[in-house]
Every structure is written in C-alpha cells, then in structure tokens.
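What follows is subunit A paired twice: with subunit B in the first complex and subunit C in the second.
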Partner chain A sequence: MTFLLRRAAFYLVTLWAAITANFLLPRLLPGDPVQAMITKLGGRLNSDAMASLYVLFGLDKNKSIWEQYVDYWAALVQGDLGLSFTFFPTPVADVLSQSMPWTLGLVGVTTVIAFLLGTLLGVYAGWKRGSWMDNLIPITTFLSSIPYFWLGLIAISVFSVTWPLFPASGGYAPGLVPEFSGEFIGSVLEHAVLPGVTIVVSSVAGWILGMRNMMVTVTAEDYVLVARAKGLTQKRIMFAYAARNAVLPSISGFALSLGFIVGGALLVEMVFSYPGLGYVLFQGIGAKDYPLMQGVFLVITLAVLVANLLADIGYLLLDPRTRREG
Partner chain B sequence: MNFKTKLGLGILAFFALIAVVGEWIAPYDPSAMSDDALSPPSGAHWFGTTMTGQDIFSQVLVGTRGVMVVGLVCGVLATILSILVGVTAGFLGGAADEALSMLSNIFLVIPALPLIIIVASMLPSADTVLIAAVISLTAWAWGARILRAQTMSLRRRDFVEAARASGERTWRIIVFEVLPNLLAVIGSGFVGTVIFAVMLQITLSFVGVISLSTWNWGTILFWAQSNQALGLGAWWWFVPAGLCIALLGTALALINFGIDEYANPRLRKVRA
Partner chain C sequence: MSPVLEIRDLSVDYGNLRAVHNVSLTLNAGEVLGLAGESGSGKSTLAYAATRLLQAPGRVPSGEVLFKGQDLLSLTDKQLQVLRWNEIAIVFQGAMNALNPVISVGTQIDDVLRTHRPQMKRPQRTARGRELLSLVGIPTDRLSSYPHQLSGGMRQRVMIAMALALEPEIVIMDEPTTALDVVVQRQILGQMMRLRETLGFSVVFITHDISLLVEFSDRIAIMYGGRVVEEAPASEIYRAAKHPYSQGLLGSFPALRGPRRELKGIPGSPPDLRSMPSGCPFHPRCPSAMDVCGERMPSLESVEESRRVACWLEDVRV
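Presenting the complex of A and B:
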C-alpha cells in the first residue's frame, strides 16, 4: 500500500506542476496573443466569457500574481477552461469532452495492443537469441525511427489513395449519426484501422527491443539455469521464470514512455483528421487558440497520469517486493 | 566495432557532410519557384518538384543543416543538464536525491509534445537555436534518470571510498573518479537525446508552430501536407524527407546498440 500511496502522491505533484506551468506560461512569455484575440472578437464575447479569459490568461493587471493564481485554480475546479476561439463560442471544456472519447479509444487500445504484441515478440526474440528472430531488431529499429505522422502519410497514400481500401480521414462516415447501431460501429472500426495500425507499427519496436534485451540478461541468471536443471518445460521456464522477471522494466518503462507515445499518437490523429484531441490541438495551432491548446495539454496530462497509476497497480501485482510493508 | 556500429557511423558521417556542404551542392535555390510544377522525379529534378515548381532535392540538401544543428545543440545542452542533475542526485543521495529525482520524473511523465507546441507557438520569434533550447529543457530527464541509477551503483565502490578516505573534495571525486566510469552511459544518453530532438523539431515544423522561413525536413513535409500532396498523388514530395529522417534515426539507434553492447557484453551477438 505504501508503494501506491507514494506513487499517487507523486502524480498529484506532477499534476500540480502541469497546471502551474499552464498558469505561468502565458504570463511569462512575451506578447499578448489572447488580448489580441479578444480585441478581434470584439463585442461577440459576453461579460462572463471575458471574465473567464481574463482569469485564465492573466490579463487583469490590477491583481497580484498570487490572487491570479487563486482565481485560476477556482476557475479550473469549476471545469472552466475558457472559450475556444476556433470553435467560437463553444467552451473549451465542451470541445474536449467531445473529442476525448475518440482519443481514449484509439490511443488506449492501440497502446495496449502494441505493448502486448511487442512484449510477446521480445520474449521470443530474447529467448531464441542467435536465430532468425535477431533479424527483427534492425527492421523494427528502422520502423521506430520513422516519425508516426510520416508513416500515417504513407499509409494514406498507399491504402486510401492508390488502393482505396480504407477511408483516409474522419472518425466515421459523413452522414451517419453517432448512435449505438451496427452500421455506425462498423464505420468507426473501419475508420480506426489505418490510424490504429500506424500507431501500433511505430510504437511496437521499442517494446520488442526493451523486452528482448531484458530477456537476454535474465536468461543468464542462475534461477533460470536451476529451472532448466529441474527439467521444467521450455514454455514454463520462458514465461514463468524468465519473462515474468524481464517484464518489470518494461512495465515501469510503460509509465514513463506513455507521454511520448501519446505525443506521437496525437500527430497520427492530425494526419488522419481523426476527431480526437490531437486534431483539436492541430486546429488550435492554426488559429493560435491558446485556451484550447492549454485545455488539451491539461486533459492529456491527466489521462497519462491515470494510465500511469494503472501501470503501477499492474507492477504491484507482478512484483511481490513492492508489496512488502515498510 | 561491429558492422552495425560502423554502418551507423557511416550514415551519420554522410548526413554531417551534407549538413556542411548541402547549400553549395544544391542544384537550385530551394525556395525559387519555376514553371515546372509538380513534376515527378527526373534527371533535372532528382526528387521532383513542388506545387510551385521548387526543387525538392535542393530542399532536402539545404534542410539537412537545420536538422543536424538542432540535434547537436540539444544533444549537448540536454546531456550537460542530465549529468548535472543525474550524477548529483546519485552521488549525494538523501534529500537532494529525492528532490532531483522527483524533478526528472515529473519532466518524464508530462507529455512533452503538447507542452512544447504551446511554448513554441507563444514565442514571438521561434528561431532554430531558441527551439533547440526549449527542446533541451524537456529532453534531459531520461538521461538524468539512467545516470542517477548508474552513479548510485558506483558511489560505494572501493576506488571511490579510497578517494574519499584520502580527503579528495566531492567535486573532484565526481569529475575524476565517477564521470570516467559513466562515459558509455553518457554517450548513449547523448545519442538518444539527439534522436528525440531531431524527431521533435521535425514534428514541430510539420505541425507549423516553428518558423517556416528556414528549410528543414519537417518544413518540406509541412508544405506537402498543406498542399494536399497526398490527394494529388505526389508521393515524391513527402517520401524523400521522411526516408532521410528514418535513415538518420536508424543510424543513431545503431550507434547506440554499439555503445550498449560495449557496456553490456551479454548483449553481444552469440556465435551459433
């Protein structure tokens, strides 16, 4: 339990750091883009919306920075992230809650698939070192060196322009209404194939490599030798003795590389115009829509922290040493 | 040195050379427009031309410098930061270690890409060196974490204890006793940071948050994407730049394998 509490405390501190960075950035960096935006939107903003943008971006020069910070937190706690300029006059929170499920679905599922697939391949590659499986390494290295978004571009060019097998953009066929029907779900799955495969292909290599190297290291340990001497089956030694220990760094690495993977996945969404957070962020960049961009950053950070906590629970289940009290 | 490492160093040297001489050997001005619009690769234009008739081969050649400069600057800055934080934390231990480890873990967990996008788009002038500095600020944490772990395993070794017993000052022990034993780890951290920085810079150019006035491989992809190169079937517009990125990334990864195998003999190839 101590382990989980420590981790949870760490995530709270991280969340605080992210929120504080969000608060400080527009105040520290030169220029006043939000003020410019507000001037441009002119009379279309009502007084409530103006007030919330003033709080979020520190335009009220009469208040001390500390008062601004308190106001900022008060706004956040109420779920007030300001108004989006791109989707004016929709509040940022509404834009985010519409796009969030798409990102969670796409990135969540593909990350888990890539992790499981990569770890499994890594177990075999490490166990059968010196066989043809070693050739996987240079190939996957090359694949992981390709930027996610470029692989997405190639996938579109091959599988939806040259051979129109899959749709190139969007989350579901235009004209369909989001509902719980076979037709809609089929369309969603069809649209998820290309972005999903892109994310899996570019992120799987890291897991294969990490797992293979740990397997190679673990296979030389005494307890594996003992297991062999006892005459246990190959499969049992491979999974219950070697892989179980070798997977620990991969799981703690999962937590730390998630932020990176999510960054790549956001770009895949941009390339495929997938209706998730990445595409929203992309639209925000074009319009210099700071409330929207900052909202995306906060939501993604929160999601990554929750995923990290889940990974920690997995670690706890696999490694009894962390369960020891004290 | 095995074949893989040599291959990696060879490719890296090739790109380094292009970075230096690219501007002189480019057949055209990369920004100059011509009537020869959207033509596929030919003898006159090896990588074809863009919508406005710019020569893509020249853009790739000229753009190499921006990519390599950012990679190098970030690599150096982030490595210095990671040594400062990681080695200090690992060697001192205690409360200093707790605080510094927490700092690097926070930087690791927070998704860097959206944060950098926000910072880059708020900066009034996002020139290459400034972007390199911003990227380094997010790129040091991984190296610091690994260096800390390695330093902790070194600080109780006999030769360090001997130096301490003979009254050496702490900074001297760190610089002359500990650091030389961390060279392999620092080296692989440096190479890893360069990969990270190059990818991030190209990504930022691709989404259009940093200046498009200087060429790099990401800028080429930005223009290809915003001019619908995919829909027009102009594969030559985005394939060369992407392959260059992948090649450079692979070269750096191969070099890193070499360093890993040097540091951890168990990873070396077994003779079957």
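Presenting the complex of A and C:
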C-alpha cells in the first residue's frame, strides 16, 4: 500500500511538471497566437478586439507570468482549455472530446489487438522454436519496417482504388449522422478496416519478436525443466511456467505503447483523414493553433502517465517480486 | 536387492559430440547411488537422458533405461507424463532457479497434485501441501510464500517437499545442496536420508562433492569424460579407491575422520568434448599413466565382487 501511495505521489509531481511545461512552452516560442490569428484574419481587427483576444487566450500583456499561471490552473481545473483557432470559436475541450473517441476506438483497439495477437504468436514461435513459425518473423518484420504512411498509401491504392473494397478516408460515410444505429456502426467499422489492419500489420512484428525471444530465454530456465519433470501438461508448462514469466518485459512495452496511442495516431489519421486527435493535432499545427496543440499535448501527457500507472499495477499483479513486504 | 532402475549401455550425443559413452548402472530398491565427477563429466547429462528431460541438441543414440521392466526411452509422451513425478521425481538445485519466481510455492506443489491426482479436491490438496511442508520442517503458512521470500535452504526443502508429493519410487537429486553452506547442506541431506528410511524410496545422488557421497550414499559411481571409471560401495571407495581419478577426487576434499592428510588437487582440467584424448581420457592428468593408456581405452571390469574399475593398472592382461 505504501508502494502505491509513493507511486501516486510520483505521478502527481510528474503531472504538475508536465502541465507547467505545457503552460510555459508556447510562451517561450517566438511569436504569439494572437499575432498569428491577426495575420490570419488579414488585419481586419481593431485594437479593442485584439486586446480582448489576448485576454481570451490567457496572454494578457498586463498580467505577470505568475498571474497567467494561476489563471491557467484555474481554467484547467474547470476543464477550460481555451478556444481553438482552427475551429473558432469551439472550445478546445469540445474539439478534444469529439475526436478522442475516434482515436481511442481505432488506435487503442488495434494496439490491444496487435499486442494480444503478436504476444500469442510469439509464445507459440518461442515454444516451438525452429518450426515453421520462425519463418513468420522475417515476413512480419519486413512489413513493420515499411514506413507507415507508405504502407497506408499502398493499402489505399490496392484496397480502395484498384479493388474498391473499403473506403479510403474518413471515420464514417459522409451524410450519415453520428447516432447509435446499425447503419452508422456498420459504416464506422467499414471505415476502420484499412487503418486498423495497417496498424496491426505494422506493429505486430515487434510483439512477436520480443515475446519469442523472451520465450526462448525463459524456456531454458530451470523452473521450466522442473515443470517438465513434474509431468505437467504441455499447455500448463507453456502458459503458466514459460509465457507467464516471459510476458513481463512485454507488459511494460505494452503500457508504453498505450501511452503513445494519441501521439502515434498522427500518421494513421493523416493518411486516412480519420477524425481523431492525431488529425486534429495535424490541423492545429498547420494553423499555429496554440490552445489546440496545448490541449492535445496535455492529453498525450496524461495518456502516458495513465499508461505508466497501468504498467505499475500490472507488474504488481503479475510479478510478486515487485511487491513490498509487509 | 532388486533393481528399480537399470541403465544399459546408454550413450548421449550433443550434435556429433558424444557426452556419455555406453554407461550401465543399476539402482537397487532402497539404495542411495552416488554419481560423482567434475563439471562436464556427463553425470547430469546421464540423469537427464535417463529421464528423457534432455533438451535438443542432446539425444540418445543407443541404450535402454528400464524402470520396473519397461524401457523409459520407448514410452509414448502420454505414458511418460503419467510416470513422471509419480515414480521418478527430481530434486533440482532449488536454491538457484528451480522454483518459478512468480508463482507461490503452494501453487507449484499444488500443480503436481492437480495434474496427477485429479480426483483430489482443493482442500485435500492444500492439506497435502501443508503436510509436505511440515515433513521437511517448514512452517505450513509458508505455502503462500513466493520463492524470493524464502532462504536458500528453505527453497531447497520446498524442492524436496515437492519431490515427495506423490511418494515416488525414485528421487534423483542433482547437485541438491551445491549452492548452500556446509551446515545447511548436512542438515538437509540428513533430513532427506531420514525421510528415505521412513518413505522407502531409492535415491540417485549427483554431486561433485565426493565427501558428501562417502557420507550419504551406499554405492558410488565415479564418472570421467562421459564414462563410469569406477563403481563400488561407498566405504570401499573411501577406504581404497582403485582408479587414480577416484583417488585424486578423494584427495581434493578434506577427510571427515581419521588422520590429517595433505589436500591434493588433480592437475590439469577436465577434457574438452571436442578434443578427447586418445585411449583413456584421464591419461594426460594421471600420475600413473603408462604407454598403453594413451593408446587404448580400458573397459569397465569387475575387479572384486562389488567393484568395477576401468583402468589398465587393474587389468591383468597388461
């Protein structure tokens, strides 16, 4: 329990540091968002409008940086992340909450699928080392070494241009209204096939390789030999004695990859114009939309922290050696 | 004395290298057979080959291992799985890595019962687990402990408790106390021997520490370069070892009783499998080597009623 409390304290400090960095970074960059907006609108703003924009974005020139920091926290606690320029005047929080489910649904689910599939294949490949399964590894490694955007473009050109089996872009068919209906869900799934499959194809190799090699290492351990001598069934030895121990390093890798779902979604969502956080970030960067970028960065930071917390808890559950006595 | 395990002409290869050459050994009921030799002498390989635990690239090109008349080497995997631990249990170096670090010792004992005694209910299995722990002198609440929470000696005792879970006919102990200090070593081996008297199993005791074998085993087979070079009752070996290698091994450990004597090691190092010396593999290190030793391998012959030696010194033909 003290272990958990100490971890929690660690996470709070990290969170504070991350948020503070998030506050400082845009203010350290040359130029400021209001200037960018003024340029964008082509100087059709009077000085009053400019001043109120500064206030609106929390960049009030008359306030000290400390006051701005306090205001920033006050706003953050209320869930107010400012207004987006790109989708002006939609609040950043709304933009994020609309795009987040898409990213979590697509990249999150496929990351989990890739991990489970790759780890399971790795367990078998490592257990039956030297069998035909080993030939799978060069193939999957080759697929994962293709740059993602290239893989995505090939997938589009083959499966939606040459053979129009799946839609090439978007999260659902244009003209449909997001609602809980069979037609809409079907459309969402159909649109998720190409980006989803390409994500799995490009990331599964790492899991297979990592798990296979750990399996080979663990299979040589004495306790696996003991398990065989005990006359346990092959299945029991493979999963309870070998895979159980071999999966531990993969767990931390998996947690990290969960943390990078949001950041990693950028390429996928660009290639497939998928309405998730990555695509929003892409648009935000193009438009120098500081509040939006800040919001996305905050989400990425939180995601990494939460993923790390999950990894910690997972380790506690799976590896008794990490538990504190008492 | 009736034999429970008979190894006949067993050879083991790693790739094209022969690690064990035509070894024949017999374990009698209720007996402790000691298997001694330096690292790389093939003693563990022999034990793993005989119990079919040898991993690739190890394989057994020839030989038989008879347990109660059936050849272990020709059993199907299913038959073998049933026989394992029920009849032949192995005590590994539990102090090292023989217990799975992420599973509680209770579960690791329970695994054996659940696989081999499917009719036992959970409370019965837990009760059996407690019983086994108290048999080896460990508090029964340690059932839920993980290996890293136990001392080296306790882990070794858990290993022994686990080996006795199904009351096997044969217990093979592979360097069971090598990682432990001398005091704990003796406690554990003494306890093992008392348990053997009450439960009546036979033991194959593998170690490089011949002084332990002299104390705890009935008969000793000494291996060198993958061959048995001398086999005799423990007292005979201790009193008058015939093979120069056996003499060397005995000379490299302090005597337990009797007058003080100077400790002598054996010069040189164990032979490399890839470049075995011609003739008797021990001749480059042997203080009494003769011309014939470098030319031909002496065979293992009975020189006394209960003693077999493979040495030209003992051969009447030379």
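Everything that follows uses one rule, which is that the second predicted complex is superposed on the first by the 271 of 326 C-alpha atoms of A that agree within 3 Å, B and C clash if a C-alpha of one lies under 4 Å from a C-alpha of the other, contacts with A are read in each partner's own complex, and residues count from 1 in each chain.
To be clear about the criterion, a contact is a pair of C-beta atoms (placed from the backbone, for glycine too) under 8 Å apart; a residue touches a chain by one contact, two chains touch by 3 or more.
Source: prediction; values computed, not measured.
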Combined model on subunit A where subunit B meets subunit C, clash or fit | fit
Return first, second, both or neither, reflecting whether A:Ala240 touches subunit B, subunit C, both chains, or no partner chain.
-> second
In the superposed arrangement, does A:Asp319 touch subunit B (first), subunit C (second), both or neither?
-> second
Give one of first, second, both or neither to describe whether A:Phe260 is in contact with subunit B, with subunit C, with both, or with none.
-> first
Contacts of A:Lys230 with subunit B and subunit C, given as first, second, both or neither | second
Between subunit B (first) and subunit C (second), which does A:Glu221 come into contact with in this model arrangement: first, second, both, or neither?
-> second
Is the number of subunit A residues in contact higher for subunit B or for subunit C?
-> B
Once superposed, minimum distance in angstrom between C-alpha atoms of subunit B and those of subunit C?
-> 7
Residues of subunit A at both interfaces, subunit B in one complex, subunit C in the other | 130, 220
If you look only at subunit C, which of its residues touch subunit A in the complex?
-> 51, 53, 55-56, 80-86, 89-90, 92-93, 96-104, 111-112, 115-116, 146, 148-149, 162
Spell out the residues on subunit B that touch subunit A in their complex, using ranges where they run on.
-> 4, 102, 105-106, 108-115, 117-119, 121-124, 142, 145, 195, 199, 202-203, 206-209, 221, 224-225, 230-231, 233, 235, 238-239, 242, 245-250, 252-254, 257, 260, 264, 266-267, 269-270, 272
List of subunit A residues in touch with subunit C within their complex = 130, 220-223, 225-233, 236, 240-241, 244-245, 248, 318-321, 325
Once bound in the complex, which stretches of subunit A touch subunit B?
-> 10-11, 13-14, 17-18, 21, 25-26, 29-31, 33, 129-130, 134, 137-138, 141-142, 144-147, 149-150, 153-154, 156-157, 161-162, 168, 213, 216-217, 220, 255-256, 258-260, 262-264, 266-267, 270-271, 281-282, 285-286, 288, 290, 293-294, 296-297, 300-301, 304-305, 308
